[in-house]
Amino acid sequence: MFQATAITRRKHRSEEIARNVFLVMTLLMVVPLVLIVGYLIYQAWPILSLDFLISNPRNGMRAGGIWAPLVGTLYLVVISLVIAAPIGVLAAVFLNEYARENWLTRVVNLAVVNLAGVPSIVHALFGLGAFVLFAGLGKSILAASLTLAIMTLPVIIASTKEALAAVPMAFREACWNVGATRWQTIRHIVLPNSISGILTGVILQVSRAAGETAPIMFTGAVFFKAVREGNPFAYGLFDQCMALSMHLFTISTQVPNVPAALPYGTAVVLLAMVLAVNALAIVVRVRLRARKKW
Amino acid sequence: MVTRPRSEVVAEAAIELVIRLCGISAIVFVFGIFFFVFREGSGFLFHGLSLRQFFGSIEWYPTSESHVRYGVLALIAGTASVTVLAMAIAVPFGIGAAIFISEFCGRRPREVLKITIELLAAIPSVVWGFIGLTVMNPLIIHLFHVPIGLNVLNGGLILALMSVPVIVSIGEDALKAVPDSYREAALALGVTRWQLVYRVLLPAAKNGLLAAALLGVGRAVGETMAVLMATGHAVKIPTSVMDSVRTLTATIAAELGEAAVGSNHYQVLFIIGILLFSITFVVNLVADLAVRGIRAR
Amino acid sequence: MRQPAVRLSGVRVRYGRREVLKGVSLEVRGHEILAIIGPAQSGKTTLLKTINRTIDDVPGAVVTGIVEVDGENVRDVKDVFALRRKIGVVAPLPVGLPLSIFDNVAFAPRMAGIRKRAKLDERVERCLRQAALWDEVKDRLDSLGTRLSGGQQQRLTIARALSHDPEILCLDEFSIAVDPVTTMRIEDVLKQLRHHVTIILVTNLVQQARRLADRTAFLLNGELVEVNTTEVIFSDQTADRRTYDYVNGIFG
């Protein structure tokens, strides 16, 4: 039969080497991360508990829990989502269903890419200049949420566009042939079959919004604010609020003599929240892909 | 002859108008960002700021009572140094990982790896900064016997880990975009996988890989919280990776809270914002043109 | 003199710089079956698209010349969607919309404004019967249209095309992805339908034209070479040599 010659053996060996080099490169990024996360959890362990989640920071934030920041983050996330989702989904509908191949479409696409690339601190400056000062909202949850919404818009647009593009053109043509209008086609066939992608985008937006610090630092998030423990309706739209991401920054850099477990605990909760939300997005994607109707 | 109720037709026209408005909203927002940032800083930009001092001096003393100076050269050096170090690590490793995932990997491990990279990308920048502060800091102090571990090396490593997911995902797209016919032809000629990658795929995908690297650069330049927490607070041009530095982004974040609204200091911070916006705008523009090259194929 | 159902006068279509239809003038008479034959890439599908103006949605398509349906220039109609409902189209590849079978057939009437359940029930049954699909699906009208077989989906498409009471039915190579038995069944359906609607049958199966059509048109590279009664087209009395050659398999 075919015996391996010296050349073939050398080729296979070089292929093995190449494969292993790239494998090592990949692992070198992934493994340290797993170790780091493990270390964070280890350091945070003493303080992680239900009490940690539902009690407020006390004693100049050297003790207690993270209730106020947690609720604040929830507010910011929900309000920015409510603003960003409709605009993002409809913008993606425009780009995929209505836009022609002309200069305007190219510019819009370029704008979306650029919006995604704007540094978070520049979003903060924008939010400060436009919402806090110009629109007169002052430092508030509303101003911070608007800033976050604009910042996370590209995430929703990208996910939705992908989902819309996955719906076969043949369906649209079949609808147009029977006299359905563009919007009727979108509303009854295209959008309902893009739900999984839209949901993914929404979930990713939530994860981004929950983790951002710079954009909210100057537009509505604040060092400390006293709220009632255990009360989910702690803030008003025009109040300033605490936020989990900001809180982590504060207690790890701005407050001296904080017991070690506290910032680790905050970091772990924030990380867990974000990773859980992303894992949810992955699950949604996989689940709904299996339930495809064609 | 049954027709659609008039209210429905009107509602449809309305929603199509809203769709068009949302469609151009991205343009509106990008312009809006530039406009409002420019607006806050324009006063001082045109009346009083010495651009020569701004771009040429390393002396950044915005709060000095007697001798105020607004030189950002050291800050630019700070941003450049962490970015360069980060890219020097992230680009080879990222593209290596993209090659592995795209060409050498089985289907199952590929799914696992892709999910891991996605989760890596999801980690908030403040958590990365925290990692730099609490994990990298003592590690660097211990390994390299230096007094402070908040420096270019720390920031660079953290930024590398942050930028890798972008590079891997776009790089993988670029490699996937190379037509299978190239692969089949090469394999039919009897080349090894490595030769296929080196001689066929990398040259064919170079536009997309360049775009991946550029988007990584954009991400690194624009990063704020992680570098704020991990690079230290020294405003000076670094001479080694063990030096502490300050980046443009960190400067704004650190000082904006204390600058009185409308003051010169306040306006200069906005001007730095304009500078950052312009840099990332250009980088993203070039990257987009390169990516358009692979999509158009 | 009765109006022709469809009249094309000097219709040219180009996609960018490529000319796909080169000045076609053709009449389709009411209640006839007109077959359009010709090799691939001759512009047959494009011709159909000009009739119901779905050519509007093809990026880069430029149409000159006049297309009239029932004597009215299609460019001048007030409601292009009403125009499209006058014309039923069956595409080459069977398409079941990702809806229930019932909703597939009820889609067009619903979009047109018919909402009463009783009317929809009646219409769905009528169209499915006409498309010779009713018996196979009457007990599972709620199941997904995309889960039917190819042949069933093609008949579903016909039912959908009939659901908006068209005057003209255009079939574009309907048998390409469908088994011979289903093809025969659909041909029987067409023979029944010709009493109600005008039928334009684009086909690459020359013998199908011979079986069904009253008149046949031969389209070659965007040009209308010849149109005449099917009998003539399939005889040796064709006006153009190329028609004889194509029909007899000498090329194409």
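The letters A, B and C name the chains in turn, as written, and every chain counts its residues from 1.
Here, a contact is a pair of C-beta atoms (placed from the backbone, for glycine too) under 8 Å apart; a residue touches a chain by one contact, two chains touch by 3 or more.
From a predicted model like this one, the values you see are computed outputs, not experimental measurements.
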| message | Need the most distant chain from chain A, centre defined as the mean of C-alpha atoms. | response | C
| field | Chain occupying the most central position, where position means C-alpha average | value | A
| What chain pair has the highest count of contacting C-beta pairs? | A-B
| query | Which whole number of Å gives the spacing of the CA centres of chain B and chain C? | reply | 53
| query | In whole angstrom, how far does the Cα centroid of chain A sit from the Cα centroid of chain C? | reply | 48
| field | Intercentroid distance (Cα basis), chain B paired with chain A, Å | value | 16
| message | Using the touch definition from the top, which residues of chain C touch two or more other chains? | response | 111-112
| remark: chain A residues touching 2+ other chains are 181, 184
| task | Please name which positions on chain A make contact with chain C in the complex. | result | 100-101, 170-171, 173-181, 184, 188-189, 193, 293-294
| So in the complex, which bits of chain B are touching chain A? | 12, 15-16, 18-20, 22-27, 29-30, 32-33, 36-37, 39-40, 92-94, 96-97, 99-101, 104, 113, 115-120, 122-127, 129-131, 133-135, 161, 164, 192-194, 197, 215, 218-219, 221-225, 229, 249, 252-253, 256-257, 261, 269-270, 273, 276-277, 280-281, 283-285, 287-288
| chain A to chain B touching residues, read off their complex | 11-12, 14-15, 17-19, 21-23, 25-26, 28-30, 32-33, 36, 39-40, 43, 86-88, 90-91, 93-95, 98-99, 104, 107-108, 110-126, 128-130, 133-134, 150, 153-154, 157, 181-184, 207, 210-214, 217-218, 245-246, 248-249, 252-253, 263-264, 267, 270-271, 274-275, 277-279, 282
| query | Which residues, counting only chain C, touch chain A once they are in their complex? | reply | 52, 54, 57, 59-60, 81-85, 88-89, 91, 93, 95-99, 107-108, 111-112, 144, 146, 157, 160-161, 163-164
| In the complex of these two chains, what residues of chain C are touching chain B? | 111-114
